[in-house]
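Common to both upcoming complexes is chain A, partnered first by chain B, then by chain C.
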Partner chain A sequence: MDLFNLPNPPLSALLSQLLLGLVNGSFYAILSLGLAVIFGLLNVINFAHGAMFMVGAVLTWMGLAYFNAGYWAMLVLAPAIVGLFGMLTERLLLRWIYKLDHLYGLLLTLGFTLLVEGAFRSVYGVSGLTYDTPDALSGATDLGFMFLPNYRAWVVVVSLGICFVTWFLIERTRLGAYLRAGTENPRLVEAFGVNVPLMITLTYGFGVALAAFAGVLAAPVIQVSPLMGQNLIIVVFAIVVIGGMGSIMGAILTGLALGVIEGLTKVVYPEASSTVVFVVMVIVLLIRPAGLFGTQK
Partner chain B sequence: MNPMKQITPIAYRLLLVVLIAAPFLGAYPVFVMKLMCFALFASAFNLLLGYTGLLSFGHAAFLGGSAYVAGHAMKVWGLTPELGLLAGTLAGALLGWIFGLLAIRRQGIYFAMITLALAQMLFFIALRAPFTGGEDGLQGVPRGKLFGVIDLRNDLAMYYVLLVIVLAAFLLIARTIRSPFGQVLKGIKENEPRALSLGYDVARYKLLAFVISAALSGLAGSLKTLVLGFATLSDVHWSASGQVILMTLVGGLGTLSGPLVGASVVVVIENKIGEVGQLLAGLTGIEWPHSLGESVTMVMGALFVICVLAFRRGIMGEVIDFAQKRRQGRWGVSQNGSNQPAIRSGGVR
Partner chain C sequence: MSTPALEIKDLQAWYGESHVLHGVDLVVQPGEVVTLLGRNGAGRTTTLRAILGLTGVRKGSIKVNGKQIIGMATHRIAHHGIGYCPEERGIFASLSCEENLLLPPALTGAGKGMSMTDIYAMFPNLAERRHSQGTRLSGGEQQMLALARILRTGARLLLLDEISEGLAPVIVQALARMIRMLKNQGYTVVMVEQNFRFAAPLADRFYVMENGRVVEAFGSAELDGKMPVLNELLGV
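This part shows the complex of A and B:
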């Protein structure tokens, strides 16, 4: 027992928790990024984001279990399916509430979440489904000072890549310029001949596809279960409060940073690891109520 | 005369008579007591959402947190029921004060997210803390004797004590809404910048409304523990916060009677949906409704979607609106009552 109570945890334990924190941080980053993009244009806080993350993961599992479609196929297919599904729900449900107060958007997506999670729960129950790491990424690399599990490294790298691509698309391309303009003043953009309703539909689809992508990445590291998105989405909400939804880069950085903080807390004081994000939120609210990257309107 | 003004007192008196007579009409007292606890919870919540326009997504913290405190006080410290309830209510108020202080720093959607996150933090604390019993919850809380005289172990005695307390709390909420304080709250909901420019300390009013709502939710949670004899994690879980939003939404935001109706509808659906499913399966010979009882979450989700898309005024909102329209039809008087959607953004967000 004494081994675990050392005052200074060994370096390798620290580094492996740091990596685990980066993995979680990558999921946080992708999810809060999607939330920010959706909120920017739709003015809806998408409570269903956690459910879409879950659907991405369960689809990955289903792909292998029923259709013999492996990890790499599902890495493309699951986000595509969820994205299309998201566009459909935007057309059928969300469209009707844009003129109402933001709060109705939260309530509608909450109801939608309960429907989706309830449906998956009635089929798969609440116990976890296991999904094996794809062969190409199994094993670990010896870095000398620690063993680096290949899959975790892959998650961090590909997540950062996706985040960068999204940031580049929105901040540096013409399409992104339309999107930013639409966030600023949708009616004016429409007057310039841009099909704003279509843009909204595509944006929602893209946002939830991002969530599903994170879900696929998570399938081999987190136990796949219909309830896996529930607790995650609340943590992501706290992260969004910490970062503010004003900036894409802010959402990414806050997500990663909070993941790392959570990982380090697991080393120093494991009991607090599930609450540390909320504690950080409280501190940020006290010092900088608008959030780290936000501006108070 | 407004027909509603004549009907309303009669309806409330009728409800009271039914509640007094309920144990003798064959209703299961514990079920009706549970229902009343949730009706109080929803009314307290409505004070905040319906009358102040603040969507708290963390009210489970007050319900569940107080349930634990009251349970702990009565079981471990051996306090009498009245002191246990007081401890629970104070705990709710204290939690509400802390949550409120933090959450009112942000508005609108952020307010909802902050309260949700804070409540989730309390959930994790309840999961780990030694005195909550973790996954098992706090079991075997004794009912004891109220003021050392009334033995609450008798379901009937418990029932009437609870009825009196819930009635008093409900009257307090009604009084609060009709008071000048309540009028200021409505003013803040309708147009916050204007209330601010009129010189009202909006933040203080919001905080006070939040504390009152939290304290009464705490009372509801403590009563629930007293009646059922346990406090569990499901009371602090965020789904309880979602549930109380649904109750208020179904019944009618910003109507006094709405939460009572909404709580009844939601609690009855939750408890009886399995039976309804069995009945449907029996009637139609189709196998599927058998599993309806297992999909309560889906039914709740569907209710949410329907309410938000098509039914934003809720049951009592529609009833009141219908009565007002009839009145306008007959007398041709224009009346701007509650026929706007219940949550409106107060100008700048």
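This part shows the complex of A and C:
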């Protein structure tokens, strides 16, 4: 960051960091949303979420490099592929550990993450692959007080859209009622004649597809690399802890808010920007151990 | 003799390592109200749960309308026309009253259940509180909700676990009226009841369970003659 050499007045630096914060916050929101939904129904802390985010981004790059499939095609295809892959892993691996302690789910998905990341690393290395912004979204719009890069605006808008649709699906529809009830008491929902095992498979698929979707969005703004998920997942876990597991809207708002806090810290005191999330986590845990939106059980 | 609505033979069930049902036999004819009596831990709740596949390993035979269901996945069993009202009522906190009511899907193997209009006519309180959070309802309202939601699905065989437990006498009387009405409409009801005075006038037949077995079975006509035995077995 060579902010100091730029002739920008502080206001525009602040605004551009705010926007960057919102972009990161969008990724956080989508990822923590998926983690919260998966934890609720499967009782599994899905460490593989970061890896699925990475796979989404790398698939986007591969689509263009090998199959000439552009950004828009991969925006649909990558989540679909990762979602199907997720459903398969749920059926073959995760299904066996639901009755065990959370720790086993965490360990299993951690091991799975190492496998997936290792496989991609042996092919693509760690130096990172570049992916160009799609033509339709390149350039920037002059808002008068700042230049708004179109792609970043797109990321924020589409992420908020996806988050809203997911929230609506879960909180306001019949399908979502099954999901909420299944989170509380899966056996009873099953006794009513709902195919809960299928619902669990689909939920996991949907959760990791969300992560892959965020990965596609990230490909043009973050360097695509087999390790990009690792950097993100720890922060996202902290965000889930801050938000608390109970609420969908909580996961979304906390993700966005912490992205912004991180962005603003970069302006005020850049050295602290990578730790500020954890500082917030410590404070929240001291004051509200169940998280900002969580309910104590 | 018609096909029994429910026929259980030599049902054994386990929770993990512990063997909790040791060969339960019982038969319920269509349209009957049958009550399972017994002390806490005698295996009555477990019998209901075993029918739905909610226990661990099960052995023996469970036939619903002549169809063997013991090997089936839990989510398929309900579709043979079974409605279940669990002891803890099972009202979902994250769902509104109406969402709770709409949660159990219409059963594929069953006829049409009650319409929402009928249900709200029968339970006006639930209509009034339809937007309240499920667990904000009073105990009586939650019990009504737990019953109402299985009447919507088309289930004809109702498994009711301790529905009168912990409720005010006026609510218990309302529940008794409801059970009579359901019986008149041809529903088959299997109740687990601690409250003998609630169950006695409602049931056609009684089974008494002890240590995971049925130890006594008799009809309502024999009830008076059986009172000494019941006193001993249940301490009523």
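Annotations
We take it that the second predicted complex is superposed on the first by the 289 of 297 C-alpha atoms of A that agree within 3 Å, B and C clash if a C-alpha of one lies under 4 Å from a C-alpha of the other, contacts with A are read in each partner's own complex, and residues count from 1 in each chain.
Simple rule for what comes next: contacts are C-beta pairs under 8 Å (C-beta built on N, C-alpha and C of every residue); 3 or more make two chains touch, one makes a residue touch a chain.
Everything numeric here is computed off the predicted structure, so don't read it as measured data.
Once the two complexes are overlaid on the shared chain, A:W167 sits clear of chain B and of chain C alike.
In the superposed model, A:N185 makes contact with chain C only, not with chain B.
Touch criterion met: A:L100 reaches chain B, while chain C stays clear of it. In the superposition on chain A, A:I45 contacts chain B only, with no contact to chain C.
Considering which of chain B and chain C touches more of chain A, the answer is B. In the superposition on chain A, A:A177 makes contact with chain C only, while chain B stays out of contact range.
When both complexes are overlaid on chain A, the residue A:V196 reaches chain C alone and has no touch with chain B.
Applying the stated contact rule after C-alpha superposition, one finds that A:F147 touches neither chain B nor chain C.
Once the two complexes are overlaid on chain A, none of the chain A residues touched by chain B in the first is touched by chain C in the second.
Within the complex, the chain A residues that touch chain B are 39, 45, 93, 96-97, 100-104, 106-108, 110-119, 121-122, 230-231, 234-235, 237-238, 240-241, 271, 274-275, 277-279, 281-282, 285-286, 289-290, 297.
Every residue of chain A that touches chain C in the complex is listed here, in rising order: 174, 177-178, 180-181, 183-185, 187-197. Across the complex, chain A is touched by residues 55, 57, 102, 105-106, 108-110, 112-114, 116-118, 120-121, 124-125, 127-128, 238, 242, 245, 249, 291, 294-305, 307-309, 312, 341, 343-345, 348-349 of chain B. Those residues of chain C whose C-beta lies close enough to touch chain A in the complex are 52-54, 73-79, 84, 86, 90, 92-95, 99, 102-105, 107-108, 150, 153.
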